[in-house]
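What follows is a set of structures for review.
Next, two complexes with chain A in common: one pairs it with chain B, the other with chain C.
Showing the complex of A and B:
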């Protein structure tokens, strides 16, 4: 999910500028946040859930979107006020041992997500070309590396974010499918475990959806992106707007994906096990043109997220060990940062080369994300309350209260994830 | 010696009774005017000793940090009974840990 570091783009690029340009900047930031919100985890999990549970888990997507809004906004503020990425402060404030737990959890989940995203890029290319995805894995990995190495931060973020907007075709196709809206509305507002599904499976996918919406790499990317783009306190309102408008609209895309699956795949009894099934409803409703759009969208979403997870692997490790990092430095000035990213890409490609199903990797990555969530989010909450870093911009009472309520949900999801996985046979 | 050698080391009083573990060091920046404080050499004032936990205090040793409330409460409970012992009150450091002088003082751990 991207959209994160999309600060005050146009107005920064052109200096302090007229109202027109800053409206453009706001619009661009929000559009990038929407288009970049969806990644392979959201695509797959929403389609799987839609095809099996209809819209009866939409409440989890809503919950997850609220959660990511809260914590992305907090970590963006920490970065803008302190001028430092959240993870650097966590390392400094909590000490090496407490933050090592945080690092390990986040880093491995991130690596798993990176693997899933690169696999997603390869699967999207397979859809477009009919060439087996394994042949595309090296191409995808190389392309990700090249962009991370050469392309400016703002460009890589905005291009993938804006192209990702083509996923709106899911929403368009939902209308073309002319569904029974009442029925969908009832599913969404009166959630129940559908007949033939075990409660453990329902709750397993609830945790997976929650993990997909709140994947830890998002906040690391978001706060590091804020440093890349040199946010200051002045950019706070823009960043808040990007998050609070962009992410919910991105969440709306997630719901559209689930709804398309609920309308087409659920009645036909098709369970989603491949990317072609994720886009099947779009092809059925909108034909070739819609299919072309959705392939571009999936490619942009997964490629964008592959860039973000690759960068996040470099960010987390460099920030923990105090190496210089960032796209704003030339690679030779941040050598270890770039080396980490290359190694992580190679590991991800190596895992995919074993022939493991990228869709399965995705499903596991979102569940393990849920397990790691407390380790990511508790430290962020602590540093956002630290007046030494935040001055008068520490969290307010209401925000702390809301964040703590979410922390309880996050803890419950984390504790329940593995038992539910065992009980439900990983959602089988 | 580096501080990592001392962190989590056991702390004993002069009678050999175990008091807890070193969870942090407390430093002072002095000898320079405030504007140049970052140039000052950090001076080790003493060690923070916690009887129940070897984990970090996560910053909640500061008096003005009370939010978010449940986490602050939890950290203060985890580190209840912890104290600051001045460097002058150390008798020796060996493989067993840190040994304090007879008549050492337990200083308040809180900052600010």
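Showing the complex of A and C:
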């Protein structure tokens, strides 16, 4: 996920923002938000769900997109107004014990997501080259480190976000497949557990899909990114626009992925267990050219998310201990931050080297993300209402009401995740 | 320290807050605070109230969470008189580089990060 105030890129170019340049900036911000929305969790979970449940879980994607819009916006505002990123706030509000437990859980889940994303990069490279993905893991890990080490924040965010836009090929191919739109529409608007599937499995995937859309690293990354880019209150309207337009359109891509699977894989009885099955509908509808596009898109989406999770591992730990962090500093000026990221990448690559299936890691990471959601979202919501931090920029009543409704949903999803996992045999 | 005698709550407004140095470089989080000695036994009337003498950081976080107290010589201290401003973060009036608290940062910088090519340059 990305899509922060990219407007300043245009501003930097001229030193001053003129009307049409800031339109360019807004467009760029929205486009990167769309392209950066999808990661390996969204790709795999949507394809799995589409191939088994058709579009009957689309309502969860909609719910997840609304949720991430609300909380990305709140965490961005907290960071811009108070200058404090998410984990600094968690430590301060929860005290050392509770926040340490929170850190351990969040850090572990982020590491799992990081592993899944690096595995996703390797799998995408395997699709492109026919060289086994394990051979690509060190290349992918090294490339992620190199970008985190040397490339400016704004550039890494915009390039991966824009390249990720090629995932629109899923939507194009859905039209090429010429599906029965009425049937799809009915599936989406009258959700029901399909025959042959247990209700526990249906709800297990509902939680997984919710976790995939609202992954906690997105909030760490978003709020820390706001500090990286030195947001002030003035940047908030731009960021709100990026979030409120970009993320729903990114969610639309997620639905297109599920719909492609529902049209091609569901009737054929193909279950998704690999990345090649995720992109199979695209290859069938659009041939080699579409396949080339989708591989670029998957590569950009997973690589971008690998960067974001790597940075998030550094952000969370550094913010908990109060270390110097941030890509706006030279690596020597944030030494422990960079060391943490190097170690996390090595651990992720080590886990992948055992031969564990990256798709399985992804499936578990999105469910555990759902478990960890309240750990991140509750403290943010509390601070967003604290005038000591926010002055007159505290949450309004309507926003608080919506956020509280979402808190209930988030808590339910978190509590239900593990029982549903056991009941459904992890969706088997 | 706050000039007009503004009230603040040490637990709410000091503990677990980010400390920044004079150049806004993060130094640490306030892991604990050290107070001036409290006389033991009966406290005679007119005894001055204890004041905060130092901010503490480092291993003291462990003992704050699980109880006990490290030997005084092992405490990483930041003198209270170096605290310049109290806001959503604490600002110091000195550079963090000189402080003992940052020895791990210096160690990682000099032994590892500074030796990797490109570590001393701005990102491009």
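Here is the rule we go by: the second predicted complex is superposed on the first by the 418 of 428 C-alpha atoms of A that agree within 3 Å, B and C clash if a C-alpha of one lies under 4 Å from a C-alpha of the other, contacts with A are read in each partner's own complex, and residues count from 1 in each chain.
The criterion applied here is as follows: a residue touches a chain if its C-beta (ideal position, glycine included) is under 8 Å from a C-beta of that chain, and two chains touch if they have at least 3 such contacts.
Everything quoted here is computed from the prediction, not taken from an experiment.
K.L.:
Tell me the contact category for A:175 with respect to chain B and chain C: first, second, both or neither.
P.N.:
After superposing on A, A:175 lies clear of both chain B and chain C.
K.L.:
Please work out whether A:403 is in contact with chain B alone, chain C alone, both, or neither, and reply first, second, both or neither.
P.N.:
First partner only.
K.L.:
When the two structures are overlaid on chain A, which partner does A:332 contact: first (chain B), second (chain C), both, or neither?
P.N.:
A:332 sits against chain C, while chain B stays out of touch.
K.L.:
Go through the superposed model and pick first if A:151 touches only chain B, second if only chain C, both, or neither.
P.N.:
A:151 contacts chain C only, not chain B.
K.L.:
Regarding the shared-chain residue A:98, is it in contact with chain B (first), chain C (second), both, or neither?
P.N.:
The answer is first: A:98 touches chain B but not chain C.
K.L.:
State whether A:395 touches chain B only (first), chain C only (second), both chains, or neither.
P.N.:
first
K.L.:
Return first, second, both or neither, reflecting whether A:108 touches chain B, chain C, both chains, or no partner chain.
P.N.:
neither
K.L.:
Given the superposition on chain A, which partner contacts more residues in chain A: chain B or chain C?
P.N.:
Of chain B and chain C, more residues of chain A lie in contact with C.
K.L.:
On chain A, what residues does chain B touch that chain C touches as well?
P.N.:
Common interface on chain A, chain B vs chain C: 95, 97, 388.
K.L.:
Tell me, which parts of chain A touch chain B in their complex?
P.N.:
Residue list for chain A touching chain B: 93-95, 97-98, 378, 381-382, 385-388, 394-395, 397, 400, 403-404.
K.L.:
Note which residues of chain B are touching chain A in the complex, please.
P.N.:
24, 55-56, 58-59, 62, 64-65, 67-71
K.L.:
Of all residues in chain A, which touch chain C in the complex?
P.N.:
Of all residues in chain A, those touching chain C are 82-84, 88, 91-92, 95-97, 99-100, 149-153, 318, 320-325, 327, 330-333, 335-336, 338-339, 388-389.
K.L.:
Which residues of chain C touch chain A in the complex?
P.N.:
Against chain A, the touching part of chain C is residues 13, 15-19, 25-29, 31, 57, 61, 64-65, 88-89, 104-106, 108-109, 112-114, 116, 118-124.
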